[in-house]
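You will see two complexes here that share chain A, one where it goes with chain B and one where it goes with chain C.
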Partner chain A sequence: MATASKQAQKTSTTPRRTGNRLVVLVSRVRELGLLVVLLLIVLVVGVQVPQFFTLSNMIQILLSVSILAIVAIGETLVILTRNVDLSVGSVVGFSAFLVANTFKQNPHTNLLLGILLGCALGLLLGAINGLIVTWGRVPAIVATLGTLYAYRGFDFLYAGGNQVSASDVPDSFLSLATTPLLGIPLLIWFAVLLAIIFGFLLRSSRTGRELYAIGSNPDAARLVGIRSDLLVFGAFAIAGLLSGFAGVLWGARFATVDATAASGLELLVIAAVVVGGVNIFGGSGSIVGAMLGAIVLSTIDNSLSFLRVSQFWLQAIDGAAILIAVTLDAFITRWVQHLLITRRQR
Partner chain B sequence: MTEPSEPIVELAGITKQFGTVQVLRGVDLSLYPGEVHALVGENGAGKSTLVKLLAGIHRPGAGVIKIGGKEVELHNPIQARHLGIAVIHQEPTLFPDLNVAENVYMGRHPRDRFGRVDWKRMYREVEQLLASLGVHLNVYAPVQGLSVADQQLVEIAKALSLDSRVLIMDEPTAALSAHEVHELFAIVRQLRERGVAILFVSHRLEEIFELAQRVTVLRDGVRVATAPISELTTEEIIRQMVGRALETLYPKSAVEPGEVILDVRHLTRTGTFEDVSFQVRRGEILGFAGLVGAGRTEVARVVFGIDRADAGEIRIGGKLVQMHSPKTAMNYGIAYVPEDRHQHGLVMDFSIARNMTLPILRQTSLLGLVNQRREREIAKDYSAQLQVRSSGIDQLVKALSGGNQQKVVLAKWLITNPSVLILDEPTRGIDVGSKAEVHRIVSELASKGLAIMLISSDLPEVLAMADRVLVMHEGRIAAEFTHADVDQEKVMFAATGQVTNGYSQ
Partner chain C sequence: MKQLQKQLSSWSWEALLIVLLLLTLVLGNALSPYFLTPFNFSLMSESFMEIAIMSLSMTLIVIAGEIDLSVASILGLASVMIGITWSAGIPLWLDILIALAVGALAGLVNGLLVTRLGLPSLVVTLGTLALYRGLAYVILGSQAVSNFPSAYTNFGIGDVPGTLIPWSLVVFALLALLFLVVLHRSWIGRQIYAIGNNKEAARFAGISVNRVKLMLFVLSGLLSALAGVVFTARISSSRADNALGFELDVVTVVLLGGINIFGGSGSMVGVILALFVVGGLRNALGLAFVSGDVQNIVVGALLVFSVLGPNIAQRVRDAVSRRRLAAGSSAKKV
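Up next, the complex of A and B:
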């Protein structure tokens, strides 16, 4: 290495800062693009419907984003490793009912204990997913399709057609979602905090970078000594844990919970992640992107109700958002490659 | 460079067996620091297996591996890496989504005192590393946009960042242009001067003479020679590579070739092959010899309409034909039996009958419904003709032996009643007995008037079966021989690009 650095000075590194900036800029294009789309929606709708532009509506949007966002963080970890978790909706639902029902049966349960109960259930269910995928060698899409139904089935068995409503649970539980901190409900703070933590870990920890490596080229990851199975297992377990926690928050926010809670949430979560620029085949994407994806989808949802557009259109527009995002992705990837190649040939 | 110091890697009596196939038989090999050691041999001689043993991917059946004088067992690639062995595989094993710097340091990112990945330091160090090699690569660029040559440079930088003492390069030049090869060699020499021991696996003999100090020749898993390069000539190396007796004689009944059925003129596909012309007559077997990657399969793919030609023409029965797709090719009576039975030739979960009749579904079905009785009749007929050994035509193809699977593939295409049959490595990976049967079948087909293109890396097979042999080298036809005047050494000379200074006199 000593000789290496000496020669480095001699051969002049030719830094080509402009090229570097280009590459970094382009890699952020997805996130910038989403931000622009978001601003456009807010502006257009805000001009037409002034109530849309109020702080209370902004908070309303963020409230509806938060649970989606927390689950999307876990889903991002899994998708980055070239896997997918379809069971997150069932985990959220099961956790929501378990925790709400526990508070109904024993109103004096310690709040923290209740939260931990939901998280523990999520962790367990996520770990089961991880085991089936890594140890059982079952493709994730099939494994978690199975557990999607299985977990929901357990939820039904446990709930047995019962419902928990707001009047059944202590206020302390409900306040978990609504208590304001600096004027912003606690629920939003949870999502922001988790996004920052996991965004940081993905960007700046070795383990985070190794998740990208696994998704980008699983064989090469094994060759450089990355413990793929352990990390994939971990990604599923954390996705479960976050879904379990999201379930607790779901119970707190909606208060009325039965065995069907959060049905179909998994597809909305995957939509948010994919719109946010996380490659469905793993290896690239970011938490920031996934969060923006979740915000854009929720904002579209919210705007449509303000514009009095039928809910019927919502799914069509969500679908269009996915298609546009993914098509753009493919286009940008090719464009970047083209840029880089022509730069080199010069 | 004469035997400097102690060898850094020593292999003694290494054997390796896959199933019933003995790939390496008691191989010895020593690598010295500051030396480029070339490893040569025909396709299937055991070079890649030897590389994988050193990389910790496979484990030897018997024998001793010593690194730095100490006996070791290489359990996995990471352990091999820790012992200072870096391997550059034929296909770079990189992370396409991640940038150059991170590819070099994956799993070993430099970290600051808080345990965070130190991106700045990583970029700086990789930039220095690349500069020390005299290479200009943008360390921020994702690897997926890089050429194969640049990707190999990233692999080399990775090896250097690990302070590797041993660098194994498995056919690193296979996908490079002449200019890129030149640059790569400059770097390899630089590494050699730093005292790295380099094992250089290559088919290209001229490269070996340019770069290596010593050569080891493998043949059928046996080390037949190790010598300083200065004591060897190209002729000697080639003789040692091919010097095996023809174990089996393949039957090729003499057929008087009929009219020209396939006429290929100046066919070019940029970057893969150039100016390839040949003719095949009815009843003739035209052999295609050459090393892996010489462009033989690529020519076949264009003739069969899978890939497009950039220039040149294909005539069938004298008529100029535009090969748009395999369907066009099939309509003109061309059948192609690809190399990889599993991927391209057979549906493993279908029965023998289903597989055989796949290409003629339209003929066996009415209004989109398959006439199963007709399907079975045809399958029975061909099973009997080709003597497919099975419990019946309903047996699943995946339960058959390799030889019998190959017969099913052959039947599948023969049912289309072709006039030109392209066979790509028809006997690879099947046992000797079935091999002889496949040869018998091919010979019979020729005598029935089929024109056959036989692509094979099994030299004795080509020599025995073919009426004429074309040898390809780096995308061009390097030589043509008739059945009477061909021998293994001539073919090997042409296949390794030696024809001008070797046999032109």
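Up next, the complex of A and C:
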């Protein structure tokens, strides 16, 4: 026992480096795997239904990915810190109705002001989540389960059974989703831009790496001087902000909004993030992965309607996708551990 | 001494719940003259018996350090099974057995994924939440089966003859008694607490952790299916979207009941009290014409404050004692 640990100590420098490389390799393999799955789906469906390949359908898929993707970015930040935000669906719904209703009541509201209103609401609700979790020491799953209820309730209270429809809001608001830029709707550009910004920050900024550190080992992160509470609070606040923004876009895209808008979205978002290889217990995963997860789920959704499969299958397939993804992850993790152990022994 | 303190603090939680329950009664009475009537109590308890039944097994699962988010989906799937088998001409007693078997099977799948593959139950049951509900939709689509025999639907809305006690309350009361005894007075209960407190230590103490957990997930599936049988009878309709979102209520009741979300502590008495607090509050607000979605504000806030409240109290206590300590030491210096 003692000699083994001594031996491990002696040779710890080299294996750890290969270990690191291995872990990086695995995450690449994980993302490549998703890409292969995506290509397979596209090929199989495309061969059977040629219309699937058209540019307009690709844009259709990306449109449905975009809102999901923006929320998934925020959710990734939170999950990386070993927390979870179940309230995102309620935040998106509340923001969507607030903004759409504001444009209905005052059609001459400045567009930018409307967007800011949705973002501000999201930021506020996210900050409340963050405060309850960090200052109140309430486990994130309990806190956000509670606010999932509460935020949706306030949404209903505010909406009072009313509905906003496309004819009620100014065209400038609706164009937020549809205006093409280089042939691609603005909505998609928003998602791409946010994914690039947050992907870069997570990968290369100090704060980004600190988020990973908190998720890997909260106690160790605190010991090395990372201001965990502040960063976790920030992650929740940004998740709220992004959900608020996604709500604005939801209103612009679907135009018809009532108090039930985006209910249950949290499940889809978490599914996308988990399918994308983000560890639900924090510390590992990437924005690229989460985005791929969102794209795969949306593509499956879109393919079903092309293959004339009943939409009733959708939820079952989403559920199966989550299970398959985490099962595969478990096997990959075991495989890596096995590899690391055998290398160390050599 | 520490044990005694722990015991006291655990009882103080139940005391708090009793105060909450009394407040609920006062509030209900203030909101509606019909609240404090036997008839309303009969209706009220009937309205949340499905949640009550599911929260019994959820309590055990959370104490063991796991969670089952798929309970309401299993309820929906079981309800659909009853509907589809009944409309296929199979006698009702067999339909119910099939539904219960499907529920147990669904729980078994959850349990196997958690214990055999070592996957986190939060993710597994999030996946099966979607999967089982999805299967319910695949089987029955947007149809409804509602031509059940009156003997069955009477069980759903009927009372024990000569009283105002709903049959579903009788079912729950018997189950609750069984769970109380098993959790607090049997070796199985001790094992569940041990697993929730320290999985490794439990294993070294000779507890087959995985077998107990597997059993709990099967039990959870079975009770969820039973809740499906009760629910289908009560609304006399089998639909794929039956009890959509009920898992939130179940988890809320369990946590409000004082069960630690990280496992290892809490009591069944607390959960049963919490059930009546939430059920009573919803009923009182409903009588005051507050819609279910707006009621959720109160339920959600209750859930958050059930954990936040004690934490804040602890913080204040700590701050006070720290100040007192600081004052004491400076006094000594002088």
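As a convention for this text, the second predicted complex is superposed on the first by the 322 of 346 C-alpha atoms of A that agree within 3 Å, B and C clash if a C-alpha of one lies under 4 Å from a C-alpha of the other, contacts with A are read in each partner's own complex, and residues count from 1 in each chain.
Heads up, the rule we're going with is that a residue touches a chain if its C-beta (ideal position, glycine included) is under 8 Å from a C-beta of that chain, and two chains touch if they have at least 3 such contacts.
Being a predicted model, the structure only gives us computed values, none of them experimental.
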### Task
Kindly classify A:146 by the partners it touches after superposition: chain B alone (first), chain C alone (second), both, or neither?
second
### Task
May I ask you to decide whether A:113 touches chain B, chain C, both, or neither, giving the answer as first, second, both or neither?
neither
### Task
Mind working out whether A:136 is in touch with chain B, chain C, both or neither, as first, second, both or neither?
second
#### Entry: chain B versus chain C as contact partner of A:230, first or second or both or neither
neither
### Query
Of the two partner chains, chain B (first) and chain C (second), which one does A:197 touch, if any: first, second, both, or neither?
neither
### Task
Pick one for A:40: touches chain B only (first), chain C only (second), both, or neither.
neither
### Query
Which partner does A:315 contact after superposing on A: first (chain B), second (chain C), both, neither?
second
### Message
Let me test your reading of the model: by the given contact rule, A:284 touches which partner, first (chain B), second (chain C), both or neither?
### Response
first
### Summary
Both partners, chain B and chain C, contact chain A at residues none
### Summary
As the complex stands, chain A meets chain C at residues 84, 132, 136-139, 141-143, 145-154, 156-157, 259, 267, 270-271, 274, 280-281, 310, 312-323, 326-327, 330
### Query
Contact residues on chain A for chain B in the complex?
1, 3-5, 7-8, 11-16, 19-20, 23-24, 27, 203-206, 209-210, 212-213, 215-217, 219-226, 279, 283-284, 336-337, 340-341, 343-344
### Task
Would you tell me which residues of chain B are touching chain A in their complex?
76-78, 81, 93-99, 102, 106-107, 109, 111, 115-117, 127-129, 131-132, 134, 136, 138, 140-142, 144-147, 150, 160, 163, 194
### Summary
In the complex, the residues of chain C that touch chain A are 113, 117-120, 122-124, 126-135, 137-138, 141-142, 240, 248, 251-252, 255, 261-262, 291, 293-304, 307-308, 311-312
